[in-house]
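Structure record follows, encoded as structure tokens.
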């Protein structure tokens, strides 16, 4: 159960509504990424494919209490579930992987490097830790403009990224400015092949909270209910002026670092432990147990997901790919400076 | 009335803050203290929310500026010294400079970089980093050499929808004075003929414009008329003005205070050689700082950077050729 | 036997570790896992203490390397991608590169930078950062183009008492093969005539050497003999070899995969123009990547970087001139 | 009294020996820096002058338990006292300020940018936080070479520098490698003009220790005895395999940021509070109270210091300044690469 450092959980959370809703997005994310992985293996996607298998519960729970269009959300590489729940159209995701000319970046960037800054979703760069200060800046700007209201900004990093200086600077800045920032730390036990023992020496990453005078919550990342409760509480605190929050999820990456990686370095014992449980199977079981869905309902959810994914991929795959000759090769937006720095 | 280069920077920021509620300044010690160089003195009193002290976190400062820009603001970030922007290099070149290209959403941030050497500043408080930032796509790099440009180009920088690295020169802060602030200015990205001549062109920028002018003055005594082009902006480069000048003189020296390998002078000379080869009557020349870190001791420092006298010899060699 | 560019890098590291107990490798996932590109595969098993996994802390990795160098060791730091060295920029240029000059104590570190574009790698896994590091005094910047050089130059890098940025090209990792590892090699800092010719010189380095060679091959059919100079090291630059070649051909194209503003090609062309002006029969030319971040989509990427065919047209323009 | 997070103080510390010894170095440092400040004000020193006024106790206490030639010590800008106690010749300090050609850097760098890497004293760069990983690397190297023994590495930063990513990365790395690193954090309430409230939001910087799973000690930085006890204990722990240690000193910078700064932003109330006490006066009083010295002894210590300082300054001031024409303008040490990159 969510181990809340300073307060007890918000009992108001209506799990019977939030849980099935979140479960649907988890199914969609898993279905989509399984499909993308299989297209990758068939050689039809160039570049990397990184999936959120095993972290769907943690990912979706972060966005579950968020309000699209009102809050800020900066997803990372394993956040297909959170993205979908926050309203990212499936077609947008498919276009990014398939390199469609209609993708948000016109094929300039691919796979997980997609966002919609105007809608409060910054577009990630690869350098780990670099997005947190961006979210802080978005919140600061809203406060300066008087438009912040009770909006929050949520973002995620992995256990490995906690070692970057960027994370420290951003968390410290957010806490000095007491910004409503929620940082989800997905401790999936590995950064690529590197185990947490080579990454940090504190007992639990939630111990980082006290370094910033902020609040921290630990959740069981394999358990959707626990994740939902933890993030609901963190979001409530942030919305009500409690300043930055960190939520640490313990879980296991149930895939390679990328789909090129067979992850043989993950010990069998770990795979078989509590932490290695599949959050999706657990959530499905919970749906059945609580009576929120029957076997048939679940099968239907899965089927709907498959249909949606197939449609999105088919559409994206049939779209034009970017045409280098017609492409706008300008890195500057200012009219005055365009077409000035063409490669000599 | 007389106004310094530093005061011009302050006035420009004051005006930017007054004119647009989306402008804010973020940097270390820039609030009530008014900044290490007093470039924001008095601004906190007028705009307490929008002149904010930052923790010593250059990476996060730029990240936050990008976030604020996404939300429609136009942040000005003051680095305490240009040299410390090295810690923010990643956020500048990979986050800010790529933002428009990746998303179609412009990223109007201005990063003020107190640049260049002064006696006794040593290796970590003297650097010129224009080359580093100009190399990456998606940046505008300004290098004002006059009080007027310090003012009007900083206003331009804030108005421009792209990340601008504003390389203001510390050596010019107090010593350079003008009678008044300009009402009108050249468009950003346009170079300026700082002195006209016909025997040779010196293409330069920032503090070195003044060394070039002094060298030209001294060569005047021998009957040489040296044209000095002040680039104003090193990216984009106004090659029309540069080539126009070389067309008149046939000889060119590119002069810069930065390290010698691959800087502004290399870009200028290689463009002149490529685009204006037939205009040249002699081999084009370069003069940069020496290829070592910038020394602390004033005697070493004066030997490390180009000065009027080393510029003069370089021009004499060029003319003799 | 056949050995790839990547294997050559692994063999060089294996030999360096075996020959000198002061050598160690530090980087993310380089231990039991053998590295993101498998450049250290099998080395941890042989040298468990001296092949160490680092946390995701590029700044601290370089700082630690400098500390170890002070203590007489010769660390090799593997950046997972050159692009991520941006976070270590400060420690590289301000700590490592200035150390000898500030203290008289050399700083023998090697920073391996898996560089350059491959299809689908996108803006943050494709960069060529040689210009950034070469600009600062106190660095040596190597850019091997062949399997032989990948091997012998990496051994040189470890042996050199100064910080070496070793820009190994990811595009060459698997595809480039040689029959055997070299016994002997050119001294570090010496360029190589990769192909001789007499109508024009292409000065280039790293993966672009192969695009230049393909272009030269294709121009051969039309009777043009194109000389290709492989710089091997972009800092210091072997201008003797470059100028020697230009003296033979009278025409020069500088070719690079990096961003266009102020890179290796600018340094090469401006030096040729300054030092070898009278050798030139035509305006020197440059060809770089486009001035945008590196695109993800393979079709855009192939258009962004120079290729054999764009090199060929650039040479044709040069010869026609 | 030293507030030792997990263990009690090492009662073995022989204060009657360590205290008077440390006091001497404090007097020397204060005398030297007062002199340097006055030369600066007379316009004869170019560049910045940053002094350790008010932090001499904290600074000297860090090096008090160290063994020169055996341990590593990386001082920062306010560490004249620690440097002197660790064996830095006064003449070396004077040469650095006076720009003597005989200074360690031959005038290439000045004031506090001096060290002796071969003797375990790295030479600082200005970028805050950048030296900690260097010390970590020195310790790691010794461990790899099998020469570490019970050596430790000590270094210092200020409250402001704790906001840099570099500090985080280095502390985390040192804790993962469990290196015997001691980080002294001088919380002198200001970073230049910036108060701690704009710098961090944790209650006390010692709270950072738990973020790395390491030990932390708080000391009263105005009290030499407390500082000595705290660092003695931290050093003991580090020597005996306890891993990285942080020691946080509460004190007030009793000078401007540099000598150009009148520090009017420091509130009068703070100057008059406990924290604003002058550690040197307190230590002197303690010497008298404990009977470790008489008034006459103290006066003699002060006089010796004045003589030593005057001699060092006079010597350094009479030495040649660097000759740019005879200077070695090579940034590379390798013979093969020298004189190759002369400015075109």
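To keep things simple, chains are lettered A, B, C and D as they appear, and every chain counts its residues starting from 1.
What we mean here is this: a contact is a pair of C-beta atoms (placed from the backbone, for glycine too) under 8 Å apart; a residue touches a chain by one contact, two chains touch by 3 or more.
The structure presented is a predicted model; accordingly, all values stated were derived computationally and were not measured.
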- Message: Report the chain whose CA-based centre is farthest from the CA-based centre of subunit A.
- Response: D
- Rounded to the nearest Å, the gap separating the Cα centres of subunit A and subunit C is 36
- Task: Measure off the straight-line distance from the CA centroid of subunit C to the CA centroid of subunit D, and report it in whole Å.
- Result: 40
- Touching two or more other chains - residues of subunit B: 54-55, 57, 59-60, 83, 86-87, 90, 94, 97-98, 101-102, 123-124, 137-138, 235, 261, 270-271, 274-275, 285-286, 290-293
- Item | Shared interface positions of subunit A, touching two or more other chains | 105, 108-109, 113, 125, 127, 163-166, 169, 172-173, 176, 198-200, 330-331, 341, 344
- Topology of the chain contact graph, where touching chains are joined (line, ring, star, complete, other): complete
- Which positions of subunit D touch subunit C when the two form their complex? 104-105, 108-109, 113, 115, 117-118, 122-123, 125, 127, 130-142, 144-145, 165-166, 169-170, 172-173, 176, 330-334, 336-337, 340-341, 344
- Any idea which subunit D residues touch subunit A in the complex? 162-169, 172-173, 175-176, 178, 197-203, 207-208, 210-214, 243
- Item | Sites on subunit C touched by subunit D in the complex | 21-22, 24, 49-50, 54-55, 57, 59-73, 75, 90-91, 94-95, 97-106, 137-138, 140, 160-162, 187-189, 235-236, 270-271, 274-275
- Spell out the residues on subunit B that touch subunit C in their complex, using ranges where they run on. 83, 86-87, 89-90, 93-94, 97-98, 101-102, 123-124, 131-132, 134-138, 235, 254, 258-259, 261-275, 277-278, 280, 282-286, 290-293
- Query: Considering the complex alone, what residue numbers of subunit A touch subunit C?
  - Reply: 45-48, 99, 105, 107-110, 113, 125-128, 160-161, 163-166, 191-194, 198-200, 265, 321-325, 327, 329-331, 341-344
